[in-house]
Structures are given as structure tokens and as C-alpha cells.
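In the two complexes that follow, chain A is the common piece, with chain B as its partner first and chain C second.
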Partner chain A sequence: MRRRLREKGNAFVIPAIFWVLTFTIFPLVYSFRVSLSKVLYGKLVGFAGASNYLRMFGDYRFWGTLRFTLVLVLISVCATTAIGLGLAIVFNRKMKGLRAFRSILTMPLFTAPVALGYLGVMMFYEENGPINVLLKYLGMGKVPWLSHPLWATLAICLVDIWQWTPFAFIILLAGLQSISDEIYEAAVIDTSSGWAVFRHITLPLLSPVLGTVIMLRMVDAFKAFDIPFSLTSGGPGTATRTLTFYIYTQGLRNFDLGYASAMAYFLLAITMIIGLLFFRRYRELYE
Partner chain B sequence: MRRRRKGSVVTEILTWVVVVIAILWVLFPFYWTVITSFKKPADVFRLSSIPWLQFTPTLSNWQTEFTQRGPEILRGITNSIIIAVFASLIAVALGTLAGYGLARYKYVKWRNQSMAFWFLSQRFLPPAATVIPFFLLMKSLGLLDTRVALILVNTTFAMPFAVLIMKDMFRELPVELEEAALVDGCSRWEAFLRIALPLAAPALVATVIICFSFAWNEFLFALVLTYKKATPMTIIIAGTEHTQGVQFWYVSTRLLLAILPPTLLALTVQRYIVRGLTMGAVKG
Partner chain C sequence: MEWRKSLVFLVSVIFVLGFVFGALAQEGASELEIQTANAAFEAADKGNPDPAWKGQKLTIAVYSAGPRGAISGPLYFWRPYFEKLTGATYDIVEIPFGELREKIFTDLMTGTGTYDIIVGPSWFYGDYIMNDWIVPAQEFFNDPRMPKWEPESIALPVRELYMWGDKLVGFNNDHDGQVIYYRRDILSDPKWQEEFKKEKGKDMPTPPWTWEEVYEICDFFNGKDWNGDGEPDYGISMHLKVGGQGFFHFMALSAPYVVSPAPGDNPAKVTRYHNVYWFDPETMEPLVNTPGFVEALNMLIKLSKTGPSAMFGWSLGEAWDAFLRGKAVMCWSWGDVGSLAQLPDRSSIQGKLGVAPIPGSDKYYDLETQQWVHKKNFVANTVGASWHGVISKYCKNKELAAYFLSWQATPQINHWNVVWGWTGVDPGTSYDFLQPSGKATIEEYVATGYDAEDARQFVTAYEEMWTKYPLRQTYLRIPGTPEMWEVYDIHLSEAVTGQVSPEEALNRIAEEWKAIVERYGKDTLKKIYQEAIGYKPE
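Entry: the complex of A and B
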């Protein structure tokens, strides 16, 4: 049927396309113009060439935020994918009652990240917060979660991991469940080692889904803003500011719009590269 | 699973240990927020975790919140509901149309695949890239601090998602029913409204719920585009900590009000969650 209808379908798709074009492409084009302009008091006052882009290279604060963003991406993507995969394997067993628990595990995904940051302030509170008390029972001293740069980084990663592990978990579980039982039955005849089955059967069959998870997680981690904003306000000092955080501060607190737009384009370039890799691999899924 | 046959009792016990740890890990922060909201300030800093045994629960935080800051919270909740409801409804309405078009028609000028790709590429667009031009746009339109501005933004974020999910859903419906309706003299539009749409209703509701949750949780644009009249719940909780220091007992009541609606709603859409999160890249 789809093949027969070549005409009159436009009315269905045009409203949505028009809407998204208006509110994403137009702002992006405008923001590109801003990134090439000199901006004073929120007004474009002249052409600045590439100077806003070149400014990034000499700005140590930019490099600091970029480094923190990369650390967050690396830790969060690795940890969420690894823990998510482990949990998915456990939940893939056919046992009664697991389904209900599976639903509970997806709850963090729908919790507002900014709320989670404030929740983190309670959990990581240094004087008698629940986490530090637990660590005291385990024989550790008071951990300066929010006042020491390294610990603050870890705290943000932990909250991010708490929120996004279910994402990897639920998608990888769907991937595992789509692998048919016969393949395993055949494999078990050949080898008795669970590890060998996992390494040579499960992992290769799961790899497209694993790739999807890793790429989507990377994009989301690069976009991080809410949790550092609410948990540490980017501090102590500026130790935990992400790229988005710095763009927000420069553009909408200091109104250095040109420079902020240039950095926004830098971030856009990163996520678009990930996007291109994604499309290259998964072209056939969207025919 | 097949590997269960060997040493199945040990494996089963280990499985449940992992499950219990995972559940505790997920639920503990929620539990902590709930009990903190029922604690007297003195109990908050004297670490105690079991109500009635270690501390006496009190309703006073909730009462104070609703009497002293009632109007502000009410405004936040109202704004959040209005923004999320309108954004999700508009996104799903237009998204359903486009999804149906992509599933049932063959487009020649822009191929179906290119359009699907283009919608999906929005998933890779960082909000930071559009927040500055959006701010300038809303400023020049005089829409700063209005719910309209946030409805526009959140609809834009939710739309590609709705398009792709609904496209998949319609593609899975049998075409024959609609073809039969066409033969019986229905127009294309009637076939869509009377046959396809009712069949896709469960997916439609799930998509609305997921879009609603994302719009409810949105923070960056709310922070930039609103400051008083139109602030949603995510901004109301952000305001509290800075002005009042560490009054966890009040923070927790507001956190719960902000967290619970989308979290509980999402429990009803488990079947669609995997598609929802990957925009159809993985079928769940």
C-alpha cells in the first residue's frame, strides 16, 4: 500500500516538519550569525570573523570545562554501560517476579535531573549525610563530597550513573531478549563454559544494541547541565562545570553571546560527529 | 535460561542478591527524601532512618510548605502541568500525523528515510546550541516568562520523538483493515481517523505520557526563559536551596512534588519504554 500511494501524503508530514524546522534550524542559523559577530550589551554590533572561535583556544576555563565534560562522559558512559549490561544479563534469566522489579529499576530515568542534583545535596551532605554515615560505619573518615574537586567530580558521576544505568539496562535487556533461544541451545552443545558462550555468541549478537546504547549515552553525557548545576553549582570553584554550564554562564549570565554561541557550535560539532557515526551504522533501521 | 541447569540453586540465590541490591540502590534516595519530608529539623541532622522507631514523623513540614509557600508551589505545579500537557498534546498530534504519513505513503522528493533521519538527528542536537537564539527570539517576541515560550520549546523537543514512535506503531498495524475501508468508500483521512487511530490508541497514550514526563523535567530552557510568572516546578525547587541554605526538610517536600508525577506515570508505559528511549532504534 505504501508503494502505491505517491500523492497527497504531504499534508500528513508538513506540519511536523514545518514546526521542527522553524524552532531548530532557524535558531541554529541565527546562532551561527551571532557566533561570527561582536556583541555588546546583547546587541550585535559588527562582524567578528572567527575571533569568537579562536578565543576558545586561549581560554583556560574553556579547556577546564572541556576536560571535566570529557571525564564525565568517559566515567559515566563506561560505568552505566558496564553495570547496565551486568544487570541485563541477570534479569534475562527466566525467573518469576523479575518483571515487576524491572519496572522499579526504570524509575530514575523519569526523575527530573535537576531534582536529583538537590537530592544528591542531601545524600552527600558532609556532616551526617546518609552516605558519609555509612562510610563511617565502614571505617572511612569524613569524605568532602562537595567541597573537594575530585570528590565533587565523583559525586556528579555517581548521580549521573544512578540516573542513567537503567537506560543501558533496559535497552540491553531488550537486546538480549531478542536473541533466540535456539542459538544458545546450539552453543551449549559445543561448549560448557558460560564465559565462552557470552564472549562468542551473546556479545557479537548484542553489539549493534551495545553500540546504540554507547552512542546515545555519549550524546546525553555531553549535554549534561542539570546535575552539576544543582548538585555543586559547578564548584568547588569551577571544577565541575560542563560545557553546557559554561555556555550558559557566558551567554546568559555574562551576556557574552558571541563567544557562548561559538562554544555552542563546538559542542554541536561533537554531538553531530557522534550522530554521523550513529547514522552510518544504523541506516537500515530507519528505512 | 539455559545456563541455569548447572548449579541452579546457587545461581538463583546470586540472582536475587543482585536484584535486591539493585532495587535498594534505586529506591533508597526516594525513601530518604520521603522520610526527610516527615522529619522535624532536629531529626534531619541526627541521622535516623526508620520512622516511629528512630524518629517521630510529623506533618509540620508539609503544612508549613502549603501555608507559607502555598501560592508559589501551586503556581509551579500549575505551570508545569499546563506546559507539559500542551507540549505533549501538540507534539503527539502533529507527530501522529507525520508518523502515519511516513508509515503509509511513499514520498519522492524527500525520501521517507531522509525524513526519518532528519527527525532522529534532533536527538543529537544539544539544547545549549539553541538556548541562546531561543532566548533572543523570545525576547524580541515579548514571550519571556510566559508559558507559551516553554510550550513551544518542549513541543519542539518532543515532536521528533513522537513522529518516530508513531511511525513504528503504524507500520506494525495491518494495512489490510485500512485498505478494506478504502474499498468501502472511506476517504484516506477517514481511514486514518476511524481505523488506524483507534488501533494505535494505546501507543498514542504512552507517547503522550513519555513526552509529558520529558517536558515536566526540562530545566535549562525553563531557567533561561522564565523568572517569575511562568516558572515550572523544576525552577521552584532550584530556587529553594540557594535562598534558604540547607533546610532539607523543606527541600524534600518540594523534591517529591517535582519528582513523583512523571516517575509514577512512567511506570504505566513500560511496554513502550525501550522504543521511547532509543526513538525506535531498538525494538523492545
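Entry: the complex of A and C
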């Protein structure tokens, strides 16, 4: 009886296994095969061995895009988390119009990144765009937002931060609200310093949520594509081209799928390492 | 009952929407447009449409610009006429410029056959031909069902883009090439001429015939308030954003520095060293880092300093606008500028437009002797897309597709598209060029809103470049061309924004092109390249 039930139970798992095999394992295995192949016009025309992987090391464009991606990850993740945390602390109290503020603050999160990129084109337009006009009123010079490599990098980061800060804000606010008031009340007896309360109470209790936010943001920032694609097309030159943008160009525009797959595996490895490091740290902290 | 009411309402909404979208083709069309289109429709040859085509449907892939936009616009406009003519219809699939290659090539590579007709750029030809993806127009040319069109009316350099060897492959539509546009009123103003002479010590060359002269004029006007709006204005306007088609500027500018005439009776003959631009046709070594290109890139950088720095982030629309709004004294671009200058909602320069064929250079680099030759050199170009239709080999009704494209290629319909500038179809046939050498009259252009002198200069500049210039720049039509141009685009942007030196940028292009050539197979590409440029090994 028990055996029959177990068999019946196993049958229920089959669709899930089929799903995972079809949509995760098969593409993963196939793309690995592609990464070891020479591909022309989407057809595998020969075995390439490790040459697609080795090509990455000699490709300065690959290193350039990786460098920009790391800069974007660093700036965007730090800024979104810091601003998101600041806003969460500010809004973690009873105040008039709180709901409206929260809704307004979260709006960029629900906008398609590509739309924000095109909006950025207008905002950062160098000849009489709103931002440069504002800077002009403040007595500052015209900023070459989209035509200078450094400013273009900053423009991409700003749009990315604008979009993703609400994400950090929502999660961290939920985290703050889950901390019991009693703990704060007890802490206030020991110290009157707000910073000490934050340092010794809020931060440690919030750290699992903070870690999750940072990890999710990092993984997401490594995959950034839409904003650079729509805002700068990766330029000037390749100054704002992310790794995913480069993979897309090589794979889907140039149909060099072997090389694109090899780079995609590299990216997968990076994101997996980040995930593993975070999970290991969690285990150390909570087990 | 309620659900029935809802259903009726839903069906009604669908009908209304269908009607609205169906009418989009004519939406915004003026009375005059409709009248002249009706006349063109009546006058154009209609062949003998096959009754079996009734009720059939084609799918056309085209660059995305909307129902009143360049290249896609005419497809919407002429659809009701086509339906009336054949009883068949077509769907229009608009694809953004940056996604054309992936969408179209994926369709062709996989044999899906979503698109029966591709109204695409000429730089797809290498891939089309290598993979045998399209059906040549030649196969339908003598079919009695097809409307008659005139390939011989197309200016020779553009006609070559529609052909492969001696076979007609594409159907006549657009004719791209870059010419130089300038402010006729400003350059001919005695006050500015006098100031120019004072500052530069010589007469202002109007129109400019070499890039040095273009630079001198732009340098002179840049930073001066020559339009009287109280703010400093610019010399040149270009679009140099990666992916913004700015690399075509460099193609047109560099041609006279790079392309050298062949010795002997025929200076236009393609030899290993003469009239070549892209690769050495014997070795497939890129020529892009030869001294001619370096000199040209230095000139581009010099010129870029006579315009707004924002140009490095501009796509073509922004660059055109700067000229059309009267902020830049000069630009070099496609025929669209000539027609857009006549639209009051986009331009403040109607009646002030000067147009001349693309400038030449004071010297060129001879690849054979590896020496600079200090002589003036003029090279016609066909840079751009020359957007036109080809038939996919997976098309389910090739005759119907050929009928549509042949009908659109007839002189009357094609010329109507040319004179109505919003279509993005640029002049390039004898029936677009003015009498007595051509067949068109200035009145045909004036009737659609052109200023007479603007139109005369505009059309004549194209005619002169394509029929009188001694040399022409070959067009790259080999597999991997889009990829090569992307590389070209990126590294030129690096050079103009000062990230690398011109030499380094050009070396990078050469190295990446070599890798692309190797990937596609050097021998295969060499054969196709030789065919594409008309080179015959001796």
C-alpha cells in the first residue's frame, strides 16, 4: 500500500522533472556543446575545443566590457543599497501621506528598463536636455552625458540606480518592519545614541535581508543590458557596453554563437560564485 | 443576454479598430498627395495581375519608421492601391534598425519564412548570396504578368547595388548616397564672405569642393552667431553615436583619400590597387589602416571639433535637426535632408538650402606606389542602405511578391515616392533628374512643396555625383558585412571621442576584420568580394 502510494507520488513529480529537463538542463547542456563548437549562420560546423574560451583571454573588447560591468555592479549595488536603506529608515515610521510616498517611490521599479533608457536619452540630452538646463540655471557648465566615456558611464549608473533603488527600499523596509519594537524599547534604556542603536540593533537584525538585497542586485547588475542598449548603445566606442550586451551582439547579431555561449558560461560562473559565497556566509552565520 | 451584448460590443470595437488601422495608410495624407498618387497609379504599368492572387496575403519586413515614416511609410500608403489592383494584401512587419539583422537572418537561417519580402539594406547582399536566401528579380522581369520597370534608368553606381554580376537581384526603390548640404544664404552673404576673407586670407569657397575647404568654412562659422539668435552656432553637424549610422559619414569622407584612379584609358577600372576601398582583392587584407584612411580619420576628428560635442552621442535624427533648425552651417548626409528641409514643421531653412556633390580631396594615397599623389580626387559614393525589396526563397507566393515589388519599381510610383520626401525614398533615376539630362521637371518638385532653387540644387548634386564623378567607391557586399561595419562604427567612435589614437582605432578595425574574414573562410569571401566589386584577377 505504502509502495503504491510512493509510486503514485513519484508520478506527480514527473511534470516538474520534465519541465526542468526541457527548459533548464537541455539548454544548459546544448549551450555548453555550442560553446565548444564553431558556428556559422546558426549551424554547428565543427568542433572548436576550448578555442572559444581561450579567445576570451585575448579579446580586449571582452575585458573592456567586463571592466565596465564590474564598475556598474560596484556603483549601482552600493548606491541602490545605501539609498534604499536610507529611504527605508526614513519611511519606517508613522507619518502623513506615507502610503502615497511609498507608491511614488516604487514607480520606477515597475517601468521597463528599456523605456527608462529611452527616457534617459531625453533627460541627459546635451543640447537643452532638462538636466543640462537645470545645471545651466545653477551656473554649471554643459555636461557631456552621452558623448564622453566617463559621463556616459555615470549616466548609465544613475538610470540603473533610479530604477533599482525602490527594490532595495521595499525589501529593506519590510525587513525593518519585521524587527520588534520591544527590542528598540529595551535598547533605548541602555543608550540614547541613534547611531549605536542602528549599529548594534538594526544592522545585525537587518543583515540577512541586506545580504539578500545585495546578492540579488549583484546578480541582476551583472546581467544589465536594456539601459546601456537604449541609452548609449554601448558607446562612445565600447565604453558603456556590458558583458551581456557584448554576448548579445556576438550571439544574436553576428551569430557567433560559439563564442557568445563561452562568454555566457563565464558570466554564469561569476553569478554562481557570488551566490555560493553568499549562501556559505549565511550558513556560517545561522547554522 | 449580457454576454451577447458584450460580444457584440467587442466585435464592433474590433471592426472600428480594423477600420482605423486600415485607414492609417492615408491618414495625414494631403489632398494633393492623394490626387498625385491617383494619377501615378493610373499612369503606372500594371502588368496582368493573376486572378488566382485574390485573397492572398504577403508579409513584408521593413525598417521601422511608422505609417508616415521613411521607407516603411510608402508600404502603408500604397497598400489600398495594391489591394484594389490584385485583390491580395500584405502585412507590414516593422523592425527597429538595430534588430534588422537578427530578425531577418534568423528567419532566413531557420527557413521559417515569416517574411515573403524583405525591404532591407544593400549590405545584406553578401549573406543573401552566399546562403542563396533570395530569388533574383531577373527571374520575373520578363513575366508578362509583371509591371514593367526600368533598371537602366537607375544611376549606374546605385544600379550596381541592385545587381550581382550581370544579374538583376533587387527591385528598384531607394537610392542612397551622401552629398554636402550647406546654408546657401549664409555662404553667399557678402558680409560673411568678407569676414571669411579677413580671417582666412582667401575667398570663401562656395560651394566647397574638397574636405579641406569644408573644414575651413566650418571652422570659420563655428562659435559665431551667424543665424542671429543671440547664441553661438556651429560649423558642422554629424551623428557619431555608436549604432547611430555615423560611420557612413566616414565612409563618404574617406573615399577620395583612399580610392585611386586606375592608370590607362579607364580610370574607373577596378584593379588590385585602384578603385578598391575595403580589402586587397588578392589577399583579403583590410585596407582600413592604410595611410589614406588615417589621413581621412584625422580630417573627421578635425571636423568634429567644429560642431557641438553632443554630436558624439547623436543619432541621425538629432544631427539632421541641428542643420534643419539652422544651428549648423553644414552637414553631409543622404537625400532625406534635402526633402526634410522643405517641411515647415521640421525645418527653418527652406529656400536657403545649398547642395553640392560630396567633396573630394587634395591628395590620395596610391596603394601601388605607396606614395601620396597630390592631385584633386573625386569619388562618388553610394553609402547607406539604398533600401529595396528582395524576395525570400521561402516566400510562398513568389510571383505575387514580384508583382508588388515590380509595380512599386515602375517609374511613376517610384518617382512619386521620390518627390514626396516623407517617404524616405531618395532620387537616383533619370526620371528623378531634371531636364534636359533627366526627365523630371522642377515643377514636379515644387508642386509637392519644394522651393525651386533648393530642389534644383538637391537633385542636380546627386545627378552630378553619380553621372559626372570619374570614380566611385565600391560597396561592401560580402558575408559578415554588418559585423564588419559594427566593428568599424565602434572603433571610429573610440577615435573621435579620444579614447584611442586614429592609428590605433584603424589597426583595431583591421585586426577584427581579419578575424571575421578567417571565421567566414578567406577563400569564400575573396571570391564573393571579387564578384561584388567587379574585380577580375589578371
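Rule of thumb we're sticking to: the second predicted complex is superposed on the first by the 256 of 287 C-alpha atoms of A that agree within 3 Å, B and C clash if a C-alpha of one lies under 4 Å from a C-alpha of the other, contacts with A are read in each partner's own complex, and residues count from 1 in each chain.
One rule holds in what follows: a residue touches a chain if its C-beta (ideal position, glycine included) is under 8 Å from a C-beta of that chain, and two chains touch if they have at least 3 such contacts.
Since we're looking at a predicted model, the values are computed, not measured.
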Which of the two partners, first being chain B and second being chain C, lies in contact with A:N254: first, second, both, or neither?
-> second
When the two structures are overlaid on chain A, which partner does A:P204 contact: first (chain B), second (chain C), both, or neither?
-> neither
For A:N92, decide between first (touching chain B), second (touching chain C), both and neither.
-> first
Does chain B (first) or chain C (second) touch A:E127, or do both, or does neither?
-> both
Would you sort A:I171 into first (chain B), second (chain C), both or neither based on which partner it touches?
-> first
Check the contacts made with chain A and report whether chain B or chain C touches more of its residues.
-> B
Give one of first, second, both or neither to describe whether A:G49 is in contact with chain B, with chain C, with both, or with none.
-> neither
After superposition on the shared chain, which partner residues are touched by A:L40: those of chain B (first), chain C (second), both, or neither?
-> second
Which chain A residues are contacted by chain C in one complex and by chain B in the other?
-> 42, 125, 127, 252
Hey, which residues of chain C end up touching chain A in the complex?
-> 98, 101-102, 105-106, 109-110, 127, 131, 240-244, 308-313, 322, 480, 482-483, 486, 490-491, 493-494, 496-497, 499-500, 519-520
What residues on chain A touch chain C, complex-wise?
-> 38, 40-43, 125-127, 144-149, 152, 232-239, 249, 252-256
As the complex stands, chain A meets chain B at residues 1-3, 5-6, 8-13, 15-17, 19-20, 23-24, 26-28, 30-31, 34, 42, 86-87, 90-95, 98, 101-116, 118-119, 121-123, 125, 127-128, 130, 133, 162, 166-167, 170-171, 174-175, 178, 181, 184-185, 188, 194, 197, 209, 212, 216, 219, 222-223, 225-226, 229-230, 243-244, 247-248, 251-252, 257, 260-261, 264-265, 267-268, 271-272, 274-275, 278-279, 282-283, 285-287
Can you list the residues on chain B that touch chain A in the complex?
-> 1-4, 11-12, 15, 18-19, 22-23, 25-30, 32-33, 36, 45-47, 49, 94-95, 97-98, 100-108, 112-113, 115-137, 152-153, 155-156, 159-160, 163, 175, 178-179, 188, 213, 216-217, 219-220, 223-224, 233-234, 237-238, 240-241, 246, 248, 251-252, 255, 258-259, 262-263, 265-267, 270, 273-274, 277-278, 280-284
